[in-house]
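Dumping the structure here so I can ask a few things about it.
We call the chains A, B and C, going by the order they appear; numbering starts again at 1 in every chain.
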């Protein structure tokens, strides 16, 4: 469904992605592991068009999206949850959700139904719905960021380090959300530093180093034998 | 300081409030544009000037002030969108001084175009609401109060739109984080063009409202642009409420100053306010102290 | 200009050729064009002074009209109050006036960055404009001041009134010396620091340079040479008027910088020439509205040719 072929990207003069090739099938959860600075987040940003790809192709459901402007991508079913969340700090929780709810083709009934669904998964957001995004705690902001992507009813969510900066007990919550999304048929491309979580939820895992993919394996294989993980991540 | 007669003081207070509201209308457009796309629109005052000229032209042919106001706002709003699409969009991502230079170029063209099109004589529009009313023991023109109220109404309408409308949320989201807004599917380039158009339209409205007070010439553009800059900085760049308060504050200062010096010199007061604000409270006088 | 040997020789060759041409110009050109070239030299000097800020330090000043105008009025003061009118005194008065204004502006605006600096310089020049415009007793207000042209005199050696040709040579001499001085300065360690401020101010500060102090010196330097241009203008035209302190002049200077090529010293001079030529050409068709097409060209250049004419030519020559 989502295919990257030999994608290169630059930040100014520095060459950060040296030919990345990744596949995510419909409904799959795919993990992307690697040390800090290898280009995992940059890969997601390049898919979203936030970083310009200097070479290579990115296709989604057969459509070439590599040079599309960012704002067109949610319309095709791609949702994005960036690292550091980036909730709209001065908008209320409800307004944050509305940025995704108020899109073309949404009827009031569908909107309300979606909102209800999101509140059911994240009751704290219902409580805080009239509070400004910036006043939420780190964990609450993470939930808001994920909820915001969910209301786009995407086919795939690009999830960038959702557990970063969260307390350990919230990791379980993140895992639950990923499993719920997966059960609904939403594909997820998960960039993470947290190896156990990634291995637990993904069906396949890519390992990146120095701007390119070094290794690819089914998660099951890596759970059984994690020597490769030690090799690339040193954990 | 000699004693100023109370009635003069009073008149100047009301004058200050009235000019403050007109300035607020201009400045809120400028601050809206700056807040959302980091563009310091040097041509903003010239959009006001063009609005006044277009308005006076419509007024001359129809005799209807409100038609003049409506047409001027629409025409200049469209012009604003066109300008944003042609000159500012290609500059997205370049350093901010480039946009100053580009809008400066636009300002030159607009000013001279107006000179070419309408000639150097001043334009005046007759006040649509004539008469005076009793302000304590003075006569004060009704029209002036009317424009203050109308400006307040327009700004109020803008505020409501921004707070509750779906598009208002889009605009606020884009202002806060344009990248994330795009990632949520908000058509950021279109939002930019629309906001510029809104800002231009508001400037045009100020121009038409202002025209009956004083004759409009092509050079008032720079005057208003400068005053609006002062207000936007004093009020806090991108802060709508702050720029309204700052407009009133600065206009009152100028109004009181003209009790002592000529109006041409009174304008220095606002410049001094700008410099002092930049030196001591660069985030703006009407912004809560950053913690 | 690059410091490598062969192009250095080429540079000086070019420089000498251009200088020779400018020396001969008043002898061969008709009156109108002679004045034209002299004026371009004066405005070119003004544009060069502005380039120190815009091109080398990365600070866009919209207030150069203040320095220019004060230089002009300073010279006027000397020429009106001291009899007989003395050229050197006019220069001194003009430079002092410009320096005072530059110090004032520098003190207030250099701690501000980017846009705020630009707006503040604009505001200051407008303040000076209003003061000069309304302080009629001293500055002649709207009408400005008229005075006689001083003679070129070196005590003990020579004293001769200027002819248009010798005046041109005098202006050329002053401008050339200024250019060489400015060139020396921009290529000195001081100039390098200015450029590093333009490239990356926080880094320059982090390395340990007192950035504010450098900026203040840059503004003073820029203001001094702008004032000198003002003196030259006053001497050439024998009047001083508030129009020259008005923002439009600052705006035109910025146009020269951008169109000619920022950060090159020569570029802005070219830009001034280019602007005046465009003005001549367009005035034929658009009369006094020449700024419409010129403004459009300027805006297009800001967007598409930001490196200016010089940068554009350089790139072409390098291909």
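The criterion applied here is as follows: contacts are C-beta pairs under 8 Å (C-beta built on N, C-alpha and C of every residue); 3 or more make two chains touch, one makes a residue touch a chain.
Bear in mind that the values here come from a model prediction, so they are computed numbers and not experimental data.
Visitor: Considering only chains that satisfy the touch condition with chain A, which of them also satisfy it with chain B?
Guide: Where chain A and chain B might share a partner, there is none at all.
Visitor: Which chain's mean C-alpha position is nearest the mean C-alpha position of the whole protein set?
Guide: B
Visitor: How many angstrom between the C-alpha centroids of chain B and chain A?
Guide: So the centroids are 43 Å from each other.
Visitor: Quick one: report the Å distance separating chain A from chain C, using the average Cα coordinate of each chain.
Guide: Their C-alpha centroids are separated by 55 Å.
Visitor: Would you mind pulling out the distance in Å between where the CA atoms of chain B average out and where those of chain C do?
Guide: The answer is 33 Å.
Visitor: Hey, which residues of chain C end up touching chain B in the complex?
Guide: Checking each residue of chain C against chain B gives 60, 108, 111-112, 114-116, 118-120, 122-124, 126-127, 130-131, 133-134, 247, 251, 254, 258, 286, 288-289, 291-292, 294-296, 298-299, 302-304, 306.
Visitor: In the complex of these two chains, what residues of chain B are touching chain C?
Guide: These residues of chain B touch chain C: 40, 87, 90-91, 94, 96-98, 100-102, 104-106, 108-109, 111-113, 115-116, 222, 226, 229-230, 233, 262, 264-265, 267-268, 271, 274-275, 278-279, 282.
Visitor: Could you list, by residue number, the parts of chain A that touch chain B in their complex?
Guide: 48, 50, 69-75, 80, 82, 86, 88-91, 95, 98-100, 102-103, 148, 152
Visitor: Going by the contact rule set out above, which residues of chain B touch chain A in the complex?
Guide: Counting only chain B, the residues touching chain A are 166, 169-170, 172-173, 176-177, 179-189.
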